[in-house]
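These notes are about the structure you will find just below.
The letters A, B, C, D, E and F name the chains in turn, as written, and every chain counts its residues from 1.
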Amino acid sequence: MTRINERNVNELRPVQMDVDYLIHPEGSVLITVGQTKVICTATIEDRVPGFLRGQGKGWITAEYSMLPRATNSRNQREASRGKIGGRTMEIQRLIGRALRAVVDLEKLGERTLWIDCDVIQADGGTRTASITGAFVAMTMAIGKLNLTAFPVTDFLAATSVGIVPEIGAVLDLNYVEDSSAEVDMNLVMTGAGNFVELQGTGEESTFTRAQLNELLDLGEAGIQQLIALQKQVLGDVAKRIGEEVESNL
Amino acid sequence: MTRINERNVNELRPVQMDVDYLIHPEGSVLITVGQTKVICTATIEDRVPGFLRGQGKGWITAEYSMLPRATNSRNQREASRGKIGGRTMEIQRLIGRALRAVVDLEKLGERTLWIDCDVIQADGGTRTASITGAFVAMTMAIGKLNLTAFPVTDFLAATSVGIVPEIGAVLDLNYVEDSSAEVDMNLVMTGAGNFVELQGTGEESTFTRAQLNELLDLGEAGIQQLIALQKQVLGDVAKRIGEEVESNL
Amino acid sequence: MTRINERNVNELRPVQMDVDYLIHPEGSVLITVGQTKVICTATIEDRVPGFLRGQGKGWITAEYSMLPRATNSRNQREASRGKIGGRTMEIQRLIGRALRAVVDLEKLGERTLWIDCDVIQADGGTRTASITGAFVAMTMAIGKLNLTAFPVTDFLAATSVGIVPEIGAVLDLNYVEDSSAEVDMNLVMTGAGNFVELQGTGEESTFTRAQLNELLDLGEAGIQQLIALQKQVLGDVAKRIGEEVESNL
Amino acid sequence: MTRINERNVNELRPVQMDVDYLIHPEGSVLITVGQTKVICTATIEDRVPGFLRGQGKGWITAEYSMLPRATNSRNQREASRGKIGGRTMEIQRLIGRALRAVVDLEKLGERTLWIDCDVIQADGGTRTASITGAFVAMTMAIGKLNLTAFPVTDFLAATSVGIVPEIGAVLDLNYVEDSSAEVDMNLVMTGAGNFVELQGTGEESTFTRAQLNELLDLGEAGIQQLIALQKQVLGDVAKRIGEEVESNL
Amino acid sequence: MTRINERNVNELRPVQMDVDYLIHPEGSVLITVGQTKVICTATIEDRVPGFLRGQGKGWITAEYSMLPRATNSRNQREASRGKIGGRTMEIQRLIGRALRAVVDLEKLGERTLWIDCDVIQADGGTRTASITGAFVAMTMAIGKLNLTAFPVTDFLAATSVGIVPEIGAVLDLNYVEDSSAEVDMNLVMTGAGNFVELQGTGEESTFTRAQLNELLDLGEAGIQQLIALQKQVLGDVAKRIGEEVESNL
Amino acid sequence: MTRINERNVNELRPVQMDVDYLIHPEGSVLITVGQTKVICTATIEDRVPGFLRGQGKGWITAEYSMLPRATNSRNQREASRGKIGGRTMEIQRLIGRALRAVVDLEKLGERTLWIDCDVIQADGGTRTASITGAFVAMTMAIGKLNLTAFPVTDFLAATSVGIVPEIGAVLDLNYVEDSSAEVDMNLVMTGAGNFVELQGTGEESTFTRAQLNELLDLGEAGIQQLIALQKQVLGDVAKRIGEEVESNL
């Protein structure tokens, strides 16, 4: 059995990042991964939440949402239901935490970065596309601050890997693959190849350590390809990240 | 004093409607009016709300939302606040009511049309752009039902008009014009030139009957231009609306 | 076919305004329009909302509610549902906006006027009765401030007009007429005869410009009768409004 | 020291009950106790809550609310706050429980009685005035059902008693007295002189058994006066209550 | 007919109070009354709510909750429902009010005491067990403040009494007795034998003054036994309460 | 530098499981891990959520909460805030998902298992203690169903591992260790040694694949010790799990 569209098990879907997609935000990108499309924006606010006030440190927080018809059948809006669901909460906490791992919050100063990831169209991998796009929007917004010490310490991207029946371990699952997967894993890694987040779940199933290693190998390779694309679209700002990484060595 | 971008007082901003913008919904369009961009989708559900059950009639309901950075400064999400604001409520009730005026709900049968208008970028006139785009998405979705009697009785579009200091009555205000306007009016009209909705408001100001008439003249002309565009993008489906209007005569 | 109670098409229902209806508020009135009864109160608070602080300007905000059995069948309380419905939101925003059009907020100073309109009994026209009554309660409350420059610039009243099948254009619809109306319009006008708000809606129907003009003629005449009544019940305070209008000429 | 308005310690404030105060509800009364005014309505619904379905028994439930300016300073609406406060909850549970004690729910049949008590003006004793008025509205509504076996088993009224510094035990406290009271007690009793509810509270204070007995004596006498008034305003329906009490003996 | 477990009508269930049950709170106790178990904790916060700020007085507030399976069938969590029910509100207001009656809030100083009563297992009498336990937790927490003037003015405990069919008046009802009771009364009293709260309710029933007196006699005796136990578990801190009572004489 | 209490890096804290801790639930346990204490209960409901109805399959859902003073400073109740926080959502979704991985939902039949984990005292590792305890409570409850085919397919337990500055990789972090950890990982594994969940997070930090492997080794060993304890406390029911695992081979 082969994958949909004859994709190889270690092959990403086509990825595109349209930067400066919107006119208002300090940083914005429309990231397209196969049929998944997410608008990521970064907003800079010149103050921090109460628990950080007066410490000279910044903060990064993220919100995630899907348009009602981003999916095949219509989802009720969370605003209509009057509360944010558990899945949304989990995803937006993950995005914020992941970005904070590659930003020196002291160099950012007393500012809050608001990251908004709005899924326009969903076909699997919306949370990892959100992280990959959010990193670009965030870096663009930080670039406009003209800080002398650049706070972004490394590149950051995310992808999913999983175990699909009759195929085995695959990279970057679309919705159909994800629905049938026995194991689903989201990986967030840095340009240096380190882990930031690793969330593996057996879906009414379990997995062995050997399977874990196979999944990690696939994911690492995919993430480095995404980071190569981020470098291209970020242009000059990407170089500032590079300098920072070197000066840390 | 002249208008921004040297626009004439009776001139619409450039309008574009990208139909089938998304893969999942039964009808979808990205409508662009100047810098204002709204994704409009139509979803067909094979049942009606409780108050209509068993009456052989359909229903049309609309939801409206803005991405947090559709605007110049970031707006808190209504899902985060846990409730939908008054402005949003007003707009989504207006959109639904306007569409219902040009659909024969009995011909629609026991179905609900869910209209979603999500503002990706805002620069004034988001509610009127939503109505104009929603009509297109709705008509596309109804077209796919292959009903023998086509329920859409006429075209429908909307625009804003207003009185701006030192300029006077103008058509299709952008955000800067709208912010300074003394009178703000939203018009929804049909292809036959009839009114569906007319909402005029003095903003800490009032207006005379002569001014009202001047605004109505501007609005009528603008709406007919929008309807001409709707006909183009709707293609064959547009012809079914035409037939219906004729058979009603 | 004739109207209920043999009313003429251009005839208001009997109107009564009991001022100082309650002992606690700074201004209060029970307005009765036919069988519709609304308690309107005005409360003065010596501070303004955050967005106005330090600008030397005042603010006017309104809330509207119906007792559960103001209507023929019982409505669930919005407090029990835990949220305010769209219709209520629309009405309270309308009341506040209308009143602000005839008050010089700078002359009011850094104060908030809270207007409460509570419908005790409903028989059509509750939002327009609320505006007409709220103007009286507000003016009474402002009168007690003893300001040297009186902030109320003109009288303000509201009524509804509509097109009823087999009768045509009528003034001041009661509930039965309103339920069958094809077109429903709410008008808010000043003593000088200018428009403040004009909201016309085709109820699954449309209307022509000729019909619009007929409705406006009916509405204008009805509103001037309501303003004549406001002058009577306001007594001396009414004169202060008059002076202000003259000094503006 | 004497009471406000020279009232005797065992003297009720002037009480008035305007029955059929509203046109829509099955039963309604405006009860006035001194300056306290409450609109009480009773609505009959031909079904019962889920937990009672199919048992052949009815149910009585009550809601209580105050207009924002029923009080000296404006209270925020519970609908605006999005939740019902503890005090309101306590009162509406009390009203429902008290009424259920004098209604044979089996004779009522599978019906729900919705009692609404809306305080138009508050000057102490709003919960006891609500109970006294609600009994009248409820009995009127039940009377209209024309049931062969009348479900109301006895009269029911309520009043407050309390211990005020420098005066001692007093009947029917107004707001000023209630604010200074060391002990506050609400009594609900039947025409037969039995207790239904008795809630005594030391307000940062305590009370002895002798004081309790003094308060109960005052309250019992006051309640019998209120029941005499209920008999007058209820007219013929009151007689049906009498029959029922006798046939129970 | 005799009581469950052959208990006498005037006999409390076995009572146990495990003090310092948790490591984090300033005061904590697990109170066991028969099968009813409640964890009571007291937290001291060095500030007061807004309405008390700057008056040199403290405040005591209480929260009450039940674990979902404290009861025989599972109760939905109030956090999941998104709101606190009326019964919970009533109980937590009662606990706070009762404790404030025996604490000199001025001697407490500008501090808030947060009392949390969490029912681990319920078998009737959870609110009265909460009060009895909360008094112990509160007194322990206040003891740790080492104030020169001890703010607790007297002991405080609570129990329930009721009238059960075929048995009559009984002390300290368990769940089965409470479910069948015609009259249910909660009593809160001090070491000096004064009333703080007295809440008697006929459950679709009424009661006479003679029955009231019988219930009060049972309750008073039971409460003095509970206070004797409180003295034991509080040890040295109990003596400080005694001194205070004496110096008040 | 050594660990608190001189614990070895691969040493669990003392673990205790008190089964049948409460009288009402079908399964209950108080699990103690060091100073962390969680009451876990399992409730069986004879129906499934809407999305599963008629499929012959069961469901397992979990809720998690902390008492306000489970922690060093008091946390506001989620019921008081009116919504469940993101952390709680994440944890209760994790518990439910983990348990479902070792239960054959078809063998369970159309039943819902409600798992409640209430943290009485927190000192790190509350989510993993909840999973380990919940497995015990769930298995006890399922045991009482006397099903012929036992639905629990394997044992399940969880622990945390992390990287602490100056110490390195450690097993079963308490609160102080967790607060300083650079990497925090939660592991859920089966008796067969397979992974069910693996969630590793760099806390404003990252980790290498070598570090990941070190953490996994520590966690696997700890989990097998926890499962050995589960076998002891489950007694005969544990044997039924064993049979099932064998018959699957």
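One rule holds for everything that comes next: a residue touches a chain if its C-beta (ideal position, glycine included) is under 8 Å from a C-beta of that chain, and two chains touch if they have at least 3 such contacts.
These numbers were taken from a predicted model, which means no experiment stands behind them.
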item: Co-neighbours of subunit F and subunit B - touch as defined; value: A
item: Farthest chain (mean CA position) relative to subunit A; value: D
item: Chain separated most widely from subunit F, comparing mean CA positions; value: C
item: Chain pair repeating B-C, as identified from A-F, A-B or E-F when over half of the contact pairs by residue number coincide; value: A-F
item: Euclidean distance of C-alpha centroids - subunit A vs subunit D, Å; value: 60
item: Cα-centroid distance, subunit D relative to subunit E, in whole angstrom; value: 28
item: Geometric centre distance via CA averages, subunit D-subunit C, whole Å; value: 34
item: Euclidean distance of C-alpha centroids - subunit C vs subunit E, Å; value: 52
item: Touching two or more other chains - residues of subunit F; value: 82-83
item: Ring order of chains, beginning at subunit A and proceeding to subunit B; value: A, B, C, D, E, F
item: Residues of subunit C touching subunit B in the complex; value: 83, 85-87, 89-90, 92-93, 97, 100-101, 105, 154, 190, 192, 194-209, 212, 216
item: Subunit B contact footprint on subunit A (complex, rising order); value: 22-25, 28, 35, 39, 41, 43, 45, 63, 65, 67-72, 74, 77-80, 82-84, 114, 116, 118, 120-121
